[in-house]
């Protein structure tokens, strides 16, 4: 294995972002993949309740977290996502009864691999938000984006 | 490709924070977008008319509406574009209200975000394909698993509506737990008197077939077309000949525990559970039969006037097809002996369960309705009831309320007085009284006032024998002091647990169940009698503890839902399902391993190869197989991997 | 005959960089590869052979050669019926802009934007090639260069014509070298614009072409002394001695023809794992695949390296593959190099570098293969599929057009891979 | 060592003579005495080509997977080391090989020598390697030679090996070797794991920029079986581009990694097959380390097991509530 020192660029971008807090060079882009039955509805609920949320995330709706191949998440990073957030039904509440159980194993493995690929752990999170947990969705998306914003846009990446 | 984009103001709900007009102008510049306009209320009649006009006049081939959540109006708009001659699946919704205008305040940023949300929707609709529903024939026969009061009720309702119903009951008679009960609360009318006529109705109904002493082994197929293997257990008696005269039962020399009387008495190795059994047919319990154990006897064979005894009888598998399946597998009594050593763990003779007491109270029960202590057969002077044994008790892993104990305890307390006289001391130790039901609260009040039943609020910590009594030590939390009652008889309000084997049956049917083995409804509020497996329904206590009225009510509700399903001759399936590109399938069968609904099957092709094939009508469209297939040759219609990647691409385009 | 001090090499390369990209073998953590040279990087010449030849700088592993986007999309209620299919033609502007929409009767199904060949071509000087690598280019030139009136490839040739090959003769041939067995040698000059030979204190260099002469117009070069020239000749001769001739070329082509159906192909290919290592490290292999990559409805057509061990090699759009089992694909590599290609171009398609032997995960040895197959007619083979391959002879040169069509068709149809 | 070789030859001889197998698959010498290759023996007279020594690194089970047996229904005798046997178990778990057609000879293993470690010790070309006891003597074409301790040359993964003995076999070639106690270790990961995110990214970027997409890593992998349908070759979905660039190359390998997740016993074949020496173990070992940490799961250790990502448990000990 050849250890290569990280580019100056990376450190500067990182520290700059940290210095300015949530004011990085370009706005961060976070992909949020939500299951149709729980989390998407939960996000709807947050909207209905007018719960203010950060701007930097875009929602992709899928039927179930069980449908999300970890490779899709990696593809999002490869295409330049600054963060990826996945949310589904709480274990046991899956509309398809088992989808999120499979997802839980895959994403836990992914969560542990992401930092290994040189991507800060704060840039990936999987969680569960039910249709009734509007406030929880607001909390989840706000804290996640704060974490990503603190790191700033991704630079000098392998993936 | 000609895409039309329609941006909704939703009054000020969207336009208040998002510049809908400006958005419409920018959307017009998007690739393949040939028309873009903003509308005040897109879902309104004029709004929909505008969409349909644009489709017809401008020849739009795909439509995007940027408005509220698809959960709100997707169906509305799909219908709208379909009426205008477009395939409904060439429509996409951009949620710029719940996911944008309502959660943001800065007009400029919100508008920018809304624009990207629209871009994503356009990207998705651009790669969308026309989708079509399948239509399949429906088999109108119904299988009801379990012949308790819920199963009987569903079966009768469906049969009266003209459907052919088969009841499969694993015991040798239908009737379930209700048949074991003496009286019912709050009316104190005789349980058997209500139930047995319904049992007979079921037996004689031209549309109902009862398969008693049988179990469901295998279920394949899908809603409208289930194939079921039913295992007819070997009764060692030819039921086509048996006339239920009970002669064999009288002459049989071998004793066996009497399950129907919950162990209070003994019955014979060959037996009929109770006089009103339906069907009234004898069964040999081979494990207790002298002939089967020691190879001599054959008394029953000699005495049987019908020559029905058949020691060679084998169990048989019967295959039947059904369009729908109703789970009515009922309940079991919580096995308190294993979990409550502090209550003697079953070693103290005069500590019995509520169901045993029911049998004792019953005129046709083992004691002929005479209440007595099991230790010395004397009539008890002091009877103590302890509630929540195996209910609302984390320590035994049963946090839930069994919902019937409060009421049947009150009933049994009252009956105790009428059986043993008003001078009998009756105590009830309780946590709370749960009497939410028509006439329930009044009933409990009567027990306390008219019958002078002493209700003590508190848990009993210990039962032990002393001087021929059962000492009941507990605490009265209202007085805040220790109490100790020397009792002659202690009745535990043992709670309700799921029927033995419920979870393995659930796996056979591919329905989900909770940690206690109760079956899971599709939605606790809105789909309480459906399961997540299309065509499988729930009735009675198999879903959660229920009393008789609730079970019967739900049973009829379930019947109605089954009728709704089977009223149609053909079923339309959702087009949002997985499909296999068999030319790329490598036959690794991972999809079969992970599908919760057994939708994928092995299919032999003409070239002799075997590839995966998804049964359209079984697939629920979750996409677990899609995320599992290593070659990605399974795609989920409406949510293809490329459409997801394209949306992500749109988000990340600088 | 010129002479360059070893110490002047960096200055020489610096001089060359003024007008061209300089490519030279460099050592990154023990992995020696040809990489763009920049001042300060050491040129690694002690290692005889780089991991791959410098092939990729003339014939890159992948390159786009056209952009396209679909305009005809069938959006019928029932897809596929003509009157319901909506056709349109868009003005060709690459921007997001919608452009003007005109419905026409018979529009093209897609618009194409060719990627000009010259776009990707810049002057290059490749220094430190071994004679076998240089010969590799000569052999590829025949395929892409319109030799004998066959296909002329603008992309390859635009780069090739702007490339100068400065060859350094071999000092220490490996046991796997067999250049002499295929008509070359450790000091061969075929394809070289200038030939360098290392002697203790520097290089003796000889320009062989005008390009080479131009390259050597560097003040650092002085006329080589008698001694230096002599030392160089000795070094060459010594190297020559070290290279063996492992198999007999005489009659090899006939022998391969005779043993086409031989069961030996199955035996020899058993330990092959069907990867493409041998062909990707080979200085001569040139098979490529044409594939379309689209985002939504527009994309690029890429040409990428392919190899005859790839299970989808020569897979036809119909789904049929004339080389449907491993042994057939395996056979193709050797037959192509020593039978099909020679038949067409009067030369071999192997310059004997031996990389395929050293880097094969299971060390399949081309010398052994040709030894066995060249040894005469072997017993004929029943299974597996013994379909004749003659139709596929020279497939690489004739395949592109057909493949191009197929690629578009395929994309519309969903998925598939074609090989040229 | 050599007695194991004798037993292997004897077992092969019997199996072929009795016609129990169509061919016998073992290890043998390559084009020189420093090279080891898979050997397919069809005739009793050829069994002496079979070898056993610390160079026998090939995981021969790759020749059992789909499309490899020739003819497809061939009855095959095969030698497996401990790690090889785990890939075989993984294949059997998924029904991807037919046990009835296999005659499995298990070879207890004392560790395999890393050929690259030897090459790094010389400037010349290594053409001969001999083993005497725990000593290894290597010599080059140029005439230099050096002696090493075998243990100093072992593959890194052999250090963490917990299963030196075969998990499944019909016959065992000689006595089994002692199995290490305690938790599995992944020493080779420590250095990389200690890096900062930026350095990790830079290191991977450099490593994967050299990938040439030859598919050696994938085709040499015994539990990879998609062949021409591999999603890495496919255009739909557009998961991996044919553009050979560092990001896409890493994606290419991540596809492999996730597809063997829960099935990969880290036999290291991919790592050894890579012609441009990309440290693939960094990904695959890490994946297995994490799966072990998550679920105490190790692939291919028991025939009844199930690939861990094709299953779940209601109470998996992770994930937010």
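For reference, chains read A, B, C and D in written order, and residue numbers begin at 1 within each chain.
Throughout what follows, contacts are C-beta pairs under 8 Å (C-beta built on N, C-alpha and C of every residue); 3 or more make two chains touch, one makes a residue touch a chain.
This is a predicted model, so every value here is computed, not measured.
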Pair with more cross-chain C-beta pairs in contact, given A-D and B-C: A-D
Centroid comparison with subunit D (C-alpha atoms), farthest chain: B
For subunit A paired with subunit D, centre-to-centre distance based on mean C-alpha positions, whole Å: 35
Where subunit B and subunit C are represented by their mean Cα positions, the distance between them in whole Å: 66
Distance from the mean Cα position of subunit C to that of subunit A, given in whole angstrom: 43
Distance between chain centroids, defined by C-alpha means - subunit B, subunit D (Å): 49
Residue numbers of subunit B (touch at least two other chains): 584, 594, 628, 632, 641, 645, 649
Multi-chain contact sites of subunit D, meaning residues that touch two or more partners: 206, 227, 234, 236, 238-239, 309, 314
Residues of subunit C engaged with two or more neighbouring chains: 28, 295, 414-415
Chain contact graph, described as a line, ring, star, complete graph or other shape: other
Contact set on subunit A toward subunit B in their complex: 26, 29, 31, 33, 40-41, 43-44, 46-48, 50-53, 55, 58-64, 66-69, 72, 75-76, 79-81, 92, 95-99, 102-103, 106
Residue ranges of subunit C touching subunit B (in the complex, touch as defined): 71, 73, 75-79, 86, 88, 96-98, 101, 295-297, 319, 414-415
Subunit D-facing residues of subunit A, complex: 1-7, 10-11, 14, 69-71, 74-75, 78, 90-92, 98, 101-102, 104-109, 112-113, 115-120, 126-128, 156-159
List of subunit D residues in touch with subunit B within their complex: 66, 94-96, 225-227, 229-231, 234, 236-239, 259, 306, 309-311, 314
Residue ranges of subunit B in contact with subunit D within the complex: 515, 584-586, 588-590, 593-594, 628, 630-633, 640-642, 645
